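Take a look at the following structure, please.
Letters A, B and C mark the chains in the order given here, with residues in each chain numbered from 1 onward.
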């Protein structure tokens, strides 16, 4: 895969992709320039291993909307080993892997796609005589960073669905003693991967990760919190079944089992295949929680889930009403009238009393 | 008994009368507007404060002022202190007007006022409803009061009317006089019932009424304080009339002095009972609890005490102005107690706020104006006030009061 | 002074008799019996621990009852908000949020369907009355719009249409007459989490107790006489019992949610004791009338006799 040809694209397109990647990771615009420069000097080496997977994550990476985007992506990183994309096969391919690991030892990013079977000592996935477990351990040992792309590599994915006959697990179960960045999704959003890898290549740092190793820039919030259909949820407008009135109006899919309220991902914010709306809720299908081990391939599609929020809605009807207005004009008039009436009465009485006293005094005089 | 009563006479269309008419016209306009746009359009009422100033002022305070008929009537008819007769007719007129204004205000306040026709349909009565009892009593009592005013109209007809009306009066006056005792008995029973129940209404809201005002003694306290308001209104009004109609009407100072003594003990009894009831219920501590409506409680007590103590003093009873003040403060005390019970001490819960709107204030003023205007017209044209010296000596500073 | 003191005492005695009876009656034990739960009483169970604040119930209630859209402008903390701020003349139920520091919970407000309601006692002509299943219903024909029901309801349930020429009193009636052809409480029908469910109050109580038994630490409780915190179902005994019941999360009290603290006695009990004792069989008023009439007739006769004697005297002197 060395010496990839540079095809016809402008530096502007190149920078655009870098900007997208930088923005995805939450780095400032200036980072894009730095990324572009770093890459032009020396592309980061990426070794991509695939095990129990459908290759969807690779496809996701390749199927972007920009012209020659596949090539753009391939020009940002040096994909030194990829069973899907490399021209070589058989022993030649294995030799390439060995060579790549040796040449870039301590510097390459290991990307693993697919789950790793553990039953029967990993016999359910053997490539060139090595089990997936062995391959992973060996590659991870000399990797500068380990990234598990997709739900399968992150926590086991579809292969790990009950009854999990192969004992499929995520990379984190195999690679110990080293941080494993997990980028779950089925498929994962390619820009989540791109941003992570480029940040690492340019700055040598990984983005902030949560307790499951997921980059927080993409997985800190749940779909529910950033969903474009949220206003419908907030106002009680729901689709009850596919094709009904609510469904056609694009209302909230919560009641037909959308797992958005418990699924950490950024699908609504960062488009797949560079096409806005190309994600389940966008096309009217309930989110099934593909990033979450507890949801995807476990909880039935139409089963509703609890809405968990760290904080309740910022704008909501409070328990105590704020009702009843006090008109300043009325207050003034009431004060004036009331005061005038009472005051007049008291003053009148006092005046009368005084006059009376004087008259009485005069009458008393002989 | 009414031999000395004569129309005061005099011009009706005075500048003061025009002012009253203007206020009444404003009120009428507002009421007409309200009929077509709903109660909320001219009031600041909300679901938390469903009753505003109209209930405590237009209904309860105006009828409290009108309770002079009841207060003096008790003395005159039940306790046979006939000397108070000259004060009865004007008190009854004030009562009739006060209750009519109160009744009018209720109708204006009723959201579905047309439903009130069913107040005449016993099969639908809810025997548990305190408000129903108040409504029926007030309606009946209003009729009773106007019947009590009727003799004055008939007498005028007898004296000055055309032959046809004279004949009418000749036939009806004796009949009315014959049933009057039974009408008066009603006039003693009905206020006992509804004046107390006007306070009793708030026994239904224990969670919203402040501890200093909420008690099972509410009916009793309202009853006693309606007497003090009634005495106060008769005293203040009689002094006022003597000044306003100088030369034609003389205030019955001796009678007022005696009335003052009765009122003094009634007022002081009220204060003592109020404080004792609170102490017995263990709530006196609330009177020192701030922030809260406690200052209003103290203001009430102060006003009652001032009024009661003033009544006790012979110097006050001799002096028209001071006696007027004592009566006026007595009215204020009773009015404040009612406003406090209905509004200040009423808290529907956090978040609810209320202050009367301009519309409510103008309607209250307009109604009061109608009452005053009609009173003045009636007093000037019908034999209500005892103008002659009669049994009652005019004010004489040299004569000691008993 | 003698005359006056006697006068005063007589006055007070005359009026005090009735009043004193009122005070004594206030302490009388149950001269008016509090009502009890009818066997087929219906209600709702709202579990605040399950509610997610989606407000589908508010919308469904409006639709099922044919209420017009509430166009009143509401602001929350100064910003315009497109949802009703409370139940009102156009909304029979609404979800509210309690929030304080880390604690928060949703609250569904609607009529409590009290076992012994204050409103049905207050209503002059019985417009608010109990119908089948113990539901408190409003009859437009008998209502005068006096709003005494609003004063007497400890929960501030009945709401009034302030800006209508023909206003109504509006409150939840458990969807006993839906306009959309459905049956049963619409709110319970649409709730996606089962936070509000409808049914017979006895069944709802059993459900609530079962939930508490399964997870007592989840629910708000109060200290019993031994000082032990026992999870509480609001409405089981509160205010004499209500057919609509509430469960709250452990760290949020019912008062936080806006439900008043009530004893086991219906709030209107004292008032009813006083009123019914005073006016039982109308005996006291009639007796008072007879006494008054007798006194007046006697006094007037005395006075007439005295007047005649006075005139005779004058003639003979």
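Heads up, the rule we're going with is that a contact is a pair of C-beta atoms (placed from the backbone, for glycine too) under 8 Å apart; a residue touches a chain by one contact, two chains touch by 3 or more.
Just so we're clear, the structure is a prediction, and the values are computed from it rather than from any experiment.
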Original post:
Taking each chain's centre as the average of its Cα atoms, which is closest to the average over all protein Cα atoms shown?
Top reply: C
**OP:** Write down the pair of chains with the top C-beta contact pair count.
**Re:** B-C
**OP:** Just give me the whole-number Å value for how far the CA centre of chain B lies from that of chain C.
**Re:** 30
Original post:
Between chain A and chain C, what is the gap in Å from one C-alpha centre to the other?
Top reply: 50
Original post:
Centre to centre, by mean C-alpha position, how many angstrom separate chain A and chain B?
Top reply: 72
Subject >> chain B: positions in contact with at least two other chains >> reply: 46-48, 349
Subject >> chain A residues counted as touching two or more neighbouring chains >> reply: 318, 320-323
Original post:
Multi-chain contacts in chain C: which residues touch at least two other chains?
Top reply: 86, 258
Original post:
Along chain C, where are the residues that touch chain A in the complex?
Top reply: 50, 52-60, 76-77, 79, 81-86, 94-99, 104, 106-107, 192-193, 256-258
Original post:
Can you list the chain A residues touching chain B in their complex?
Top reply: 318, 320-327, 329-331, 333-334, 337, 342, 345-346, 348-357, 359-360, 363-364
**OP:** Can you check the complex and tell me which residues of chain C touch chain B?
**Re:** 1, 4-5, 7-8, 10-12, 14-16, 18-20, 22-23, 25-27, 32, 86, 88, 118, 120-127, 140-148, 150-152, 154, 156, 158-167, 258, 260, 262, 267-268, 270-272, 274-276, 278-279, 285, 288-289, 292-293, 295-297, 299-300, 302-303
Subject >> Residues of chain B defined as touching chain C within the complex >> reply: 1, 35-41, 43, 45-48, 50-51, 74-75, 77-82, 106, 109-113, 115-116, 118-119, 121, 124-133, 135, 181-182, 184-186, 188-189, 192-193, 196-197, 200-208, 216-217, 219-220, 223-224, 227, 258, 261-262, 265-266, 269, 348-349, 402
**OP:** State the interface residues of chain B toward chain A in the complex, per the touch definition above.
**Re:** 44, 46-49, 239, 243, 318-322, 324-325, 328, 332, 349-358, 360-361, 365, 397-398
